[in-house]
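Common to both upcoming complexes is subunit A, partnered first by subunit B, then by subunit C.
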Partner chain A sequence: MKKGMISVLASVISILVGLLFGLLLLIVVNPAMAFPKFGELLTAGVSSLPKLAKVLYQAAPLVMTGLAVAFAFKTGLFNIGASGQYTVGAFCALACAIIFQMPWWICLIASLVAGAVWGFFPGLFKSLFNVNEVITSIMFNWIGMMAVNLLCMNLKNAAGQLVMLPTAWVSSPIKDRTAALSYANPSAMIPKMGLDRLFQSNYMNISIFIAALVAVLLWVVLNRTTFGYELKACGYNKNASIYAGINAKRNIVLSMVISGAMAGLGGGLYYLAGTADYTIQKALLPMGFNGISVALLATSNPIGTIFSALFISYIQVGGESLQPVYAKEMIDIIIAVIIYLSAFALLTKNIISKYIRTDKTNVNAEPVPPAAPVPAAETGAVDSGEVPEKTVESEGEDK
Partner chain B sequence: MSEYVIEMLNITKEFPGIKANDNITLQLKHGEVHALLGENGAGKSTLMSVLFGLYQPEAGVIKKDGVEVKINNPNDANALNIGMVHQHFKLVEVFTVLDNIILGAEPNKMGFLQKAEARKKVIELSERYGLQVDPDAKIEDISVGMQQRVEILKMLYRDNDILIFDEPTAVLTPQEIDELMEIMRNFTKEGKSILFITHKLNEIMAVADRCTVLRKGKYMGTVNIKDTTKEELSRMMVGRDVKFEVDKAEQKLGDVVLDVQNVTVPSKIHANNAVKNVSFQVRAGEIVCLAGIEGNGQTQFVYALTGLDKMSEGKITLCGHDISNAKIRDRSKLGMSHIPEDRHKHGLVLDFSLEQNLVLQRYWQPEFQNKGFIRNKEVREYAEKLIKQYDIRSGQGPVTTARSMSGGNQQKAIVAREIDKVPDLLVAVQPTRGLDVGAIEYIHEQLVAQRDAGRAVLLVSLELEEVMSVPDRILVMYEGEIVGEFNPKEVTVEELGLYMAGAKNMYRDVGAKEQGKEREAE
Partner chain C sequence: MIVLADVISATIVFAVPLLLVAMGGMFSERSGIINIALEGIMIVGALMGCLMMRWMDAAVTSGALGSQLAMLIVTLFAGLCGIVFSVLLAFASINLKADQTIGGTALNMLAPAMAIVLTWVVQGQGQTTILIPTWSRITEANFGLTMKSQFLQNLLFKNMYLTTFIAVILFAAAVILLYKTKFGLRLRACGEHPQAADSVGINVYKMRYAGVLISGFLGGIGGIAFTLAAGSGFQSTVAGYGFLALAVMIFGNWKPWSILGASLFFALFKVIGSYASSIPFMPQFRGVEGVSTYLYPMLPYIITMILLILTSKKSRAPKAEGIPYDKGSR
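Then we have the complex of A and B:
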């Protein structure tokens, strides 16, 4: 069986297990309504065109944060800073739109650049001083969010008005969110190209197609170019890539820059839709962290992130239909359980690979023992032997 | 009492797609050293894992003293007094020697450790068998040879009397190997039985009483060492005649390819320099061997030569170009190939496919890329060519993951990649480490072919046999200095050993210095 097939199968099985657990939870909380509501959960996303539009609308930024995490995974880095990069990207897109009155595509580029800058610093510290990127990017999540809050509430225009807030544009008492693009700068809204009429929904625009295009682009970069080859070599084995004359330090920075740019663009895509305003945040935006689930479910394959983001978005939209029979918190827990178990794709993949061996004809490779042969009584549980499985798996065939 | 202390009769163990052990019988007598010989992948490790209870065989029985036993896990094996020194030591690096020895069998009173008791027993054992260790030293601070002694003491501490040694000499210096052989003989005098897993014929001839040979999972027979020869054993193991001599054409010396002048490399571990003022030349058409005991600066010198690390002083010239501070990629472009010491750390990206690994040094060349896009078709064709030409065996050809390949074939892939670059200078660092005789023979042939084709080869080796047979010239390195230069035809192993151990130096009198050092040590 092809490795690519195993990846897909693993993700599907994980999703099914996750859904089963979700159903069990529904039964525990309210047995009478469990089955009909579970049915709704599964079908809500395609029950009507507006619902489908919402699935696609939410999937677009998820694809991007998923790509951010997946791309970093592929190159041996864990970008947990997608949330911060996403927030900073969103702010720069909105600032370009509201303050500088730029058209939508320049705003998108601004979000891309802002995310890239936010990814650059963790990458730089990692490559120069070997500071773990997880720590730096978590810090940058908070720095990014707080800085954005601060700027939104303090940036003033020439007339001394708080330019990012609605008060500068219309008479409004609202002070905890940015001005809506519909009156601040309609030209900054991502074009709908008639899709809104087709789907009968204001949510629908071309963002999902932009996201999918970027995903395909990233796949090509990773699998078809020398640049991607170098990045992956660094990710899998930094020493070997240095030995082969690859500039590993530069590549670590570039990986984080690209990864950050993806998350930043996600922020731009979401807030330039014109249907949501940036609200002053007290906690990190969950979109960045959902990107981790998206990447795991896709086993870090850029193309896979499109589908896994669609799935997670679909479940989220489906969850809304459980109200009011189930409490909102309950729905969040159920969705979390489904996503959590779905993210076990990697584990499932390893289990499947163990049962279906692909290298039957391996002429003289020594069989790898299932565990390092350590007699427990002799050494305790400690074992420094090689661990053959990597946390980040390759996505399989290149075709 | 049965003649045999352990019998493994007709053991068959299958893995999906592979019959790792096919009807294998191994009988270990009381008080003998029994060698288990086979190439990589012949099923030695599997057989031992069965004995240790890590695998359950599909067929066959295990008997202890003539009584059938069931070994379901390592604890059962331990209860039967079977102990094993693994090839890769299973020690806790940050624990002391004593802590490691008692780990899992801690003497205690109501949960409180009784270390004094344990210490007494460990010291007693180490004196009785001549296994010098410092019970309070931390594992990370002691030498590999010492670590092995700790592993052996672990078995003795548990009163094991069936001792399994899995490739114990792979990590040892020649002197340490001799010591180990002596220790093994002492054990057998005490009535302990030893199973000695190896693919080094010389060691079997030196220490074993009998030898069981496996080939590709099949039992080839058990022979008395007294009645056999090295050649016969290798024929049983490989299935054909193996040459131990290396054929070389007459030497045609060319221009100087590599010129190393006064190279000094600082050490990463201590304040001294790891490489001190090393100068030599390598010319086209010769193999120069940098010999020495592990840890005498060879690794650091190669790092500086290949650009993996920086040197503090000196100059390196390759084909007339000063490469002292050149980037690794530039050195490669100027004609340097490097077969690295550690094939997993430097040589391969294990999660890449074989074809991706085969272009690791060349993917950026116009032949394999077009405007930054990898030309997959050309890469595939090139990989298939190398696989055929160098007989690299793998499960799925070019798309096999490097990780799933055997060590010998991984090394072949590296050798193929580095040689096919058509280098002016080939730097080969321990290219045969951990390989079986067939693969060693092959790699030696390739090195000599490079020499005969008029290229310069710098071989770094710890194996005396290799040092004596392959090169045209030997340079001995001791504590970061070159202490002697020899023609392998005119020097004996003993003489070489004295230089390697630092007892002799061609360029200065070492007596005074040595005495000073001894005083320091005390």
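Then we have the complex of A and C:
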């Protein structure tokens, strides 16, 4: 319980400092507008129901990519390939929807499987050939993005039309994005269950609830099952877990597969909402990289990713209100600063928890025979008098 | 034949940033710090270099400043800014013992966002491209020559930039620094066994700082070299070259000469990809859309993957990389 509080505290401090930095930046760039725009940035997400709907809509895929990264972190891997898995997942969901005219839930499963496949390769290469998963997944980001673009531009139906593009469905000259689900296959859109009317926004659907459900599920797997325990054990100490009879190679692959599946499902959730079409572009999709921020802010806790995704989504919606006075990339700077701070927030957290532990439990009680007499003598001296001198000394030694 | 000249000259000009940045990564990792922030450092170098070029444009076009002298200043400035940016990584990972991958990722996010914001500030709202002045390229006019042969013209002067020569000098300097000096030996020791290095009186923190700052310098110059090579102006991105350089470094086994070979190799594949339509023996895939924009550009990444797998047995990373040095631990 205390540990959890410390994590939350560390993240909140990072966020506050990051926002403060953002404010300073706004002042430097354009002092006149800085304060009103900063106020808008902080409040835009709750200023109206449609805005709130947009926060929730964008949070759903963020939860998923955040889970992807967080799950890999928990098992000792760094999945920087969430972007590629997300893209491939999105494509398979859209392909199932547009080409095969499947209902939405099959499309979602397709995105899950596609992401899993894209996560499988880095895991396999890591476990079989010991190739660093960071490099592999970066390569697979680019390969995935380019392959998806190629497929979107070239897949043809029986009649020889480019089936993924709008041209096959309506008379439209647009060739740089996929066909909209609203005319290609409305049944593939994630159900709204009346939420769209409640929020007065087309963006609103049940995707955030699906994402939250998956997050809870993942938490259960990690913390309440033997399987999850084994995965985490591999992350903490690979050699020790091998010694304990855990198949570490298999677990690395499985971790990456699950991680990839999460990111893939994120792609499905975002593009099956029916409000955004996949645009053929030359840069990697940022959603996967934002997942890294989400995971770090949540200190890799699956439940925590729900909240950190909501936060990131919230300030991103706020960031749109910065335009046109400021570039909306201001938000990216703020997020980057927050992540930079949380990189050593992990460390400060460790220090705090270490202090708490040494306060609570008696170090001398631990069965370390050769070391035991020395601290015992010290504490004895502290007890018998000369309190200030001795404590100062021992503090100096600690550092 | 003209195509051959084009391919060779383009290969060299694209190998230069890979070489510089991978060498930078090598210095950092040999000292024990994983530098995943190379992409961000490149972007900062490219941004600052381009801003410097923009700033000196008037002086050069009016003839007050020699164009290649200006380029020398631009290159050094880019390197300096790379150093400044890399201090952020060094501080987090050495002083604060933060997770090096996370710190690097944060810097990779920070750099492009900062570049866009700064570009807006300098050029005005919505102006996201910094154009590169034509005087940045070395032409035969700089030497007072006129080329008779189209082949030689393309081979030598189509993609000739000062950064190419600087890269050659820096490469030689880096090899000597790493293998022939006391400093190089100490740096490598800190990446292999920092405790042992510390026990003989080497300041591990200082050495690691040196490693990261050198990577910042080389990364910054690599950034401006990439932007010059890409040629279409700076748009707050270096298209994943920093990450490709990381792969080159691993494929080059953290050794300068192998890295040189690896960067030429990858550059060649990249160039073959972009020149595929004018190379006679390459398959053209008629009837397929997006071959030159998406299919061939995939080539360097796939080849990288295959080669990393094939050479993984021989791959040997510095032993202590990624582990923050803690004086108290044994």
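Here, the second predicted complex is superposed on the first by the 330 of 399 C-alpha atoms of A that agree within 3 Å, B and C clash if a C-alpha of one lies under 4 Å from a C-alpha of the other, contacts with A are read in each partner's own complex, and residues count from 1 in each chain.
One rule holds for everything that comes next: contacts are C-beta pairs under 8 Å (C-beta built on N, C-alpha and C of every residue); 3 or more make two chains touch, one makes a residue touch a chain.
None of these values were measured; they are calculated from a predicted model.
**Student:** Which partner chains sit in contact with A:Val117 here, subunit B, subunit C, both or neither? Use first/second/both/neither.
**Tutor:** In the superposition, A:Val117 contacts neither subunit B nor subunit C.
**Student:** After superposition on the shared chain, which partner residues are touched by A:Met146: those of subunit B (first), subunit C (second), both, or neither?
**Tutor:** In the superposition, A:Met146 touches subunit C alone.
**Student:** Taking the superposition as given, does A:Asn154 touch the first partner, subunit B, the second, subunit C, both, or neither?
**Tutor:** Second partner only.
**Student:** Going by the contact rule set out at the top, does A:Tyr229 touch subunit B (first), subunit C (second), both, or neither?
**Tutor:** First partner only, subunit B.
**Student:** Going by the contact rule set out at the top, does A:Met330 touch subunit B (first), subunit C (second), both, or neither?
**Tutor:** In the superposition, A:Met330 touches subunit C alone.
**Student:** Per the contact definition in the header, classify A:Ile303: touching subunit B only (first), subunit C only (second), both, or neither.
**Tutor:** A:Ile303 contacts neither subunit B nor subunit C.
**Student:** Pick one for A:Phe78: touches subunit B only (first), subunit C only (second), both, or neither.
**Tutor:** Only subunit C is touched by A:Phe78; subunit B is not.
**Student:** Which parts of subunit A are touched by subunit B and by subunit C alike?
**Tutor:** Common interface on subunit A, subunit B vs subunit C: nothing in common.
**Student:** Can you name the residues of subunit C that touch subunit A in the complex?
**Tutor:** 36, 88, 92, 96-99, 101-103, 105-107, 109-110, 112-114, 116-117, 120-121, 125-126, 237, 240, 243, 246-247, 250, 288-290, 293-295, 297-298, 301-302, 304-305, 308-309, 312-313, 315
**Student:** Per the contact definition, I'd like the list of subunit A residues that touch subunit B in the complex.
**Tutor:** Residue positions touching the partner: 224-227, 229, 232-233, 236-237, 239-246, 357-367, 369, 371-380, 382-386, 388, 390, 394, 397-398.
**Student:** Per the contact definition, I'd like the list of subunit A residues that touch subunit C in the complex.
**Tutor:** On the subunit A side, the touching residues are 25, 29, 78, 80, 125, 129-132, 134-136, 138-140, 142-143, 146-147, 149-150, 153-154, 282-284, 289, 292-293, 296, 324, 326-327, 329-333, 335-337, 339-340, 342-344, 346-347.
**Student:** Taking the touch rule as given, give the residues of subunit B at its contact with subunit A in the complex, in rising order.
**Tutor:** Touching subunit A from subunit B are residues 15-18, 20, 39-41, 45-46, 48-49, 52, 54-55, 73-75, 77-78, 83-84, 86, 88, 90-93, 100, 103-105, 154, 158, 216, 306, 308, 327-332, 338, 340, 345-352, 356, 360-361, 363-364, 369, 372-374, 376, 393-396, 399-401, 403-406, 408-409.
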